[in-house]
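There are two complexes below, and they share subunit A, which is joined by subunit B in the first and by subunit C in the second.
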Partner chain A sequence: MSEILLNVDDLSIVYKTSAGEVRAVNNVSFAIEKGKTLGLVGETGAGKTTTALGILRLLPVRTAEYRSGTIEFEGQNLLALSDKEMYGIRGRKISMVFQDPMTALNPIMTVNDQIAEAIRFHSDGTLKREEVDKRVNDILELVGIPASRKKEYPHQFSGGMKQRIVIAIALVCEPALLIADEPTSALDVTMQAQVLAMIMELKKKINTSMLMISHDLGVIARTCDDVAVMYAGEIIEMAPTDMIFTGNRHHPYTVGLMNSLPGVSGNAKRLRPIEGMMPDPTDLPAGCKFAPRCPFCEERCKTELPPCTEQNGHLVRCHRFA
Partner chain B sequence: MSDAILEVRHLKKYFTTPAGALHAVDDVSFTIEKGKTLGVVGESGCGKSTLGRTVLRLLPVTEGQVIYKGQDISNLSERKLKPYRRNMQIIFQDPYSSLNPRMSIRQIIAEPMIINKVCKSRADLEKRVRTLMDTVGLSQRFIDAYPHELDGGRRQRIGIARVLALEPDFIVCDEPVSALDVSIQAQILNLLMDLQDELGIAYMFITHDLSVVKHISDEIMVMYMGNCLEVAPSDELFRNPVHPYTKALLSAVFLPEVGCVGNIPEVIRGEVSSPINPKPGCRFAPRCNYVCDACKEPQKLKEISPGHFVACCTVGANGEIGS
Partner chain C sequence: MIRFIGKRLLLSIPVLLGVVFIVFAIMSLTPADPGSLILGIRATPEAVAKLNHELGFDKPFFERFFLYIKDIVLHFDFGVSYMNRKPCLQEALSYFPVTLQIAALSMFFSTVIGVSLGVFAAVKQYSLFDTFFSVMAMLFAAIPGFWVGMMLILIFSLTLGLLPPSGVASWDCYILPTATLVFGSSAELFRLTRAQMLEEIRQDYTRTALAKGAPNRVMIWRHALKNALLPVITSIGNSFGGLLGGAIIVETIFGMPGIGTYMLKHILAKDVPVVMTCTLILAAMFYFIILLVDIAYALIDPRIRAQYARKRGV
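And then the complex of A and B:
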């Protein structure tokens, strides 16, 4: 039977800035089952990274504030833990990978030393030197980097190699949850395929659950069991992956996103982009956040927040389907 | 051919580095016709931007010819080059870094017209600026705004308006939509295609995004480590990719299809090797599944069907691999 590993309920996060209060994440709820992958897709500024950092409790202390919600991981509310307890969870039970591998790698430490450090941290220093060495070599082999290069520094590797090293380090501790924020967005497509293939293989091996964040629907389609579409800090549609890409019951924003993709809308010479832009997060519309751009907008859309309606596990937040 | 706006013949651009000569562009030839788009695709570092800049003479040519409307401009002095500069322009990925932050939108768009003395009067200039803003779909209420007040999509529209001010007939577009979200990217792609239809501008469209290049190009050139591996009409390339690298590249494109969860083809292994003093022979050989002795020889483009050229010795006369 399916077992819920992470349950995010009604999460809201704001940033206090001189320009006003940025409402980055608004009443977001989702759950990830053991061994499953949830994709979080949306355009720049939708609130994806803020959601990820919120789960990890890595938000900037001075400016960010949780406004509502709970984050339950393995049955305990992460928001109620002390900083020390949270430190014990990060990097052991929950690992993360970000877009830029250099944020995770130390530029003045060899790759060997960085992987060895992660192994020692995870084993609480119980392993002998030779055992650590052997595990470093195993890991490098797994990610397709010759062990002969392990004494080199990060800058001596290509972007794809660095990202593979980061992922290997993130998975050393066999975490229950991996949060990957745009892990391949900075890579070329052939390298992206290599890195994604590696993530999926390792993930299967250790039965890790994953929160996969991406703006790329193609990447999401191949890596995720379920997909949540974010817009202006809200999840506006969520469903098992194939349902997002089939049928007619979709949020108008999801439809607009698909129509904007070259190569998807057949061979049409003109794309059908969504007019306008995402609303200013310091001044969000009162009703539906998508209303100013929506071709189906009615009066109530402008004033009433649309409810989330479900059909066969397919959630849509839109008055049209209420 | 008389319809060619740009002909590039055996173009080479080498950079001198402490480790030796870096072959950024190595013997590349192509033709772009008036009002058409040549897409240039390839992975990071393969020489796309260097090719674009060398063609515009923003970088000196190491060897070969760049022929613009019948005139070889590869060795012209800066003074002789000046009249050509107006007609050949470039749009960059990050318009922000190419826009002066201290100038208003009005000043930014007007600047090239002032420098080139295009307008007879102030009123004329103001009118041109406003017309250009209309052309690129930029609301006139932004005329006194500054670049930092605008989002990426609008900044890219300013960059385009500025370039259009001099009425070029050839524009190098270097990853113009790569920094934009898909919904904004689609708006800009539509704009570029509309402008081409109306004004007959030819584009050299550089990108690493295969869906974008397929959408916008008439012809596509695939680059790898400074070499051109395959050129073909856009539809033909996607229907019938022949070079082993092109095949790998196309199969790594992930479209949001149904029923593909967990389906991630491992297309090619290994990394791009160093472009510094590369060995003669096919540069893709170290990663290629079809490699043979003949791959150590320099590879020549051969035509396997009308307009479809491939540089791979294992490809036979009809485009089959492994002959």
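And then the complex of A and C:
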């Protein structure tokens, strides 16, 4: 067992809205080991991004509230740090790549300035201009953008290149943890593969750990060591990647996810989507959150929260395996 | 960029010609001729007709317009006032500094006050600070300037005796007129800045900035504000036009010898050459300010700069 870099324990986050309290993340626990990649899968609204932003403490201050839990990073609880201490963590220790590269960059700042800014925030002001320049050039080269274009503005780059720039910003300080929030879902398919391969290569090069958020099981299968499946703000299954994709001991939701994937080989079959919708996060079911859509739903599923059971590092939150 | 500025300066010629034409046409429609205006009601019709002929007023409209433009272009001659027979341009320009000072001072202060309070209100949305200034801004945007002016005189001059109610004798004469204009226009700028900032703060790139490790204030002042400023700058430019116009009211209330009072006096006397000259000066000023706004736009936003560059040679 190698060293644990990030340990999220019992994290709950709610949004206070006029329609009531939105329970976006509910008692989520997971850990990421040094150098490893954890995948966070789930459909839109499952709480993946809230979890990610919650780790960086970038949630809207006025509406979001941490209800419970700790986020331990390199031995210190991020939730206990001051704002100023958080500035030193963000971008330096933990970076984030956002979903939509079209809007993630400041439209009126040159690419060079946006990357250099990230370097300067984390140097004590003694860094020489030439050094900053050199680091900007180096990281641009690493993400495959000619350094000669660094004086250009975001609108002069294509979507794929913008995402490369966003990745350059995230990695320029060589963070210990990279949070990639659907880094490829806004790109077209050919770009997706390229950008993904690049992220994985850079991750290896600077030996960073990663939290990969995606709704795309293909992306997850290719990149992650472990996978956590999220549903309605809860982690309902977590296991090493190969165990998620094989075996029979699965949460019905995970099975549903797999069934709604089109297969490459074999006969073309109709996809089997999961019937129904995710529950309203302002009014979650008392028992298992998936119960209303579950084909194996029993009486106790509707009233009792199923426990998490483990078998060889494979966690499932379902009454069937309890 | 230089080509763009040059092009815009050239374009000012037809714009100003248009302004001159419209004002000239309106003034020609008024039932008054310079002869009877200058000589008064007791003059004989013969004398009036003679003077009108000398002044060229009996010529057809388009000929008069053409001659007027010719005098301006060839001799930079804007004609003489019907009222006191002095050259219009020199006289108008002698009144201009007062107006310009009031307008510039109030533009400066309303920008500083409106923009900074707008940023703070947006950052602290829903706070007491935000609510208080939003209500105040709504109030001051709605209150007419002349009422504010009179109230300020009532309070600070007549009751408290702190500031002079009229004149331009010393620098403190400018405080109340400037304040009168600042109330209205800073309220406008406050509302716009606040709305723009609220929008920009919610943009994704501000989150990227924070994720890089930017302190909140850097995110707000370096990233969000610069993006929010574009429409604000337009509004500042427009409000300068408003301030020049508003100066007429303010100068009248505070008895200041600016272009506003000067123009008003000559409008009432149907002194066409003076009105024409003043209008032309104000229009040229306004055009120049708008040009500055466009240049500022290009300096701030590279996308607009790129547009100007693409239109090269057009």
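Heads up, the rule we're going with is that the second predicted complex is superposed on the first by the 312 of 322 C-alpha atoms of A that agree within 3 Å, B and C clash if a C-alpha of one lies under 4 Å from a C-alpha of the other, contacts with A are read in each partner's own complex, and residues count from 1 in each chain.
To be clear about the criterion, contacts are C-beta pairs under 8 Å (C-beta built on N, C-alpha and C of every residue); 3 or more make two chains touch, one makes a residue touch a chain.
Predicted model only: the values in this text are computed from it and were never measured.
Enquirer: Assess the superposed three-chain arrangement around subunit A: do subunit B and subunit C clash, or do they fit?
Expert: fit
Enquirer: Which partner does A:Y153 reach: the first (subunit B), the second (subunit C), both, or neither?
Expert: A:Y153: touches subunit C, not subunit B.
Enquirer: Using the touch definition from the top, say if A:A118 reaches subunit B (first), subunit C (second), both or neither.
Expert: Touch status of A:A118: second partner only.
Enquirer: Just to be sure I read the superposition right, which of the two partners does A:L261 touch: subunit B = first, subunit C = second, or both, or neither?
Expert: Once the two structures are laid over each other on A, A:L261 reaches subunit B alone.
Enquirer: Look at A:T50 in the shared chain and tell me whether it touches subunit B only, subunit C only, both, or neither; answer first, second, both or neither.
Expert: A:T50: touches no partner chain.
Enquirer: Which partner does A:S209 contact after superposing on A: first (subunit B), second (subunit C), both, neither?
Expert: Touch status of A:S209: no partner.
Enquirer: Give the label of whichever partner, subunit B or subunit C, reaches more residues of subunit A.
Expert: The partner with more contacted residues on subunit A is B.
Enquirer: Per the contact definition in the header, classify A:Q163: touching subunit B only (first), subunit C only (second), both, or neither.
Expert: A:Q163 contacts neither subunit B nor subunit C.
Enquirer: So, does A:L58 touch the first partner subunit B, the second partner subunit C, both, or neither?
Expert: The answer is second: A:L58 touches subunit C but not subunit B.
Enquirer: Taking the superposed arrangement, what is the smallest distance in Å from a C-alpha atom of subunit B to one of subunit C?
Expert: When the complexes share the chain A frame, the smallest subunit B-subunit C C-alpha distance is 8 Å.
Enquirer: Determine where on subunit A the residues touched by subunit B overlap those touched by subunit C, and list them.
Expert: In subunit A, no position sits in both the subunit B and subunit C interfaces.
Enquirer: Can you list the residues on subunit A that touch subunit B in the complex?
Expert: Those in contact with subunit B are residues 43-44, 144, 158-161, 188-194, 196-197, 200, 215-225, 241-242, 245-246, 256-264, 269-274, 277.
Enquirer: Which subunit A residues qualify as touching subunit C in the complex?
Expert: 56, 58, 62, 83-84, 87-92, 95-96, 98, 100, 103-110, 117-118, 121-122, 153, 155-156, 166, 169-170, 173
Enquirer: Where on subunit C is subunit A touching in the complex?
Expert: On the subunit C side, the touching residues are 125-126, 203-205, 207-216, 218, 223, 226-227, 300-303, 306.
Enquirer: For subunit B, which residues count as touching subunit A in their complex?
Expert: Residues 43-44, 151, 153, 181-187, 189-190, 193, 208, 210-212, 214-216, 248-249, 252-269, 271-272 of subunit B touch subunit A in their complex.
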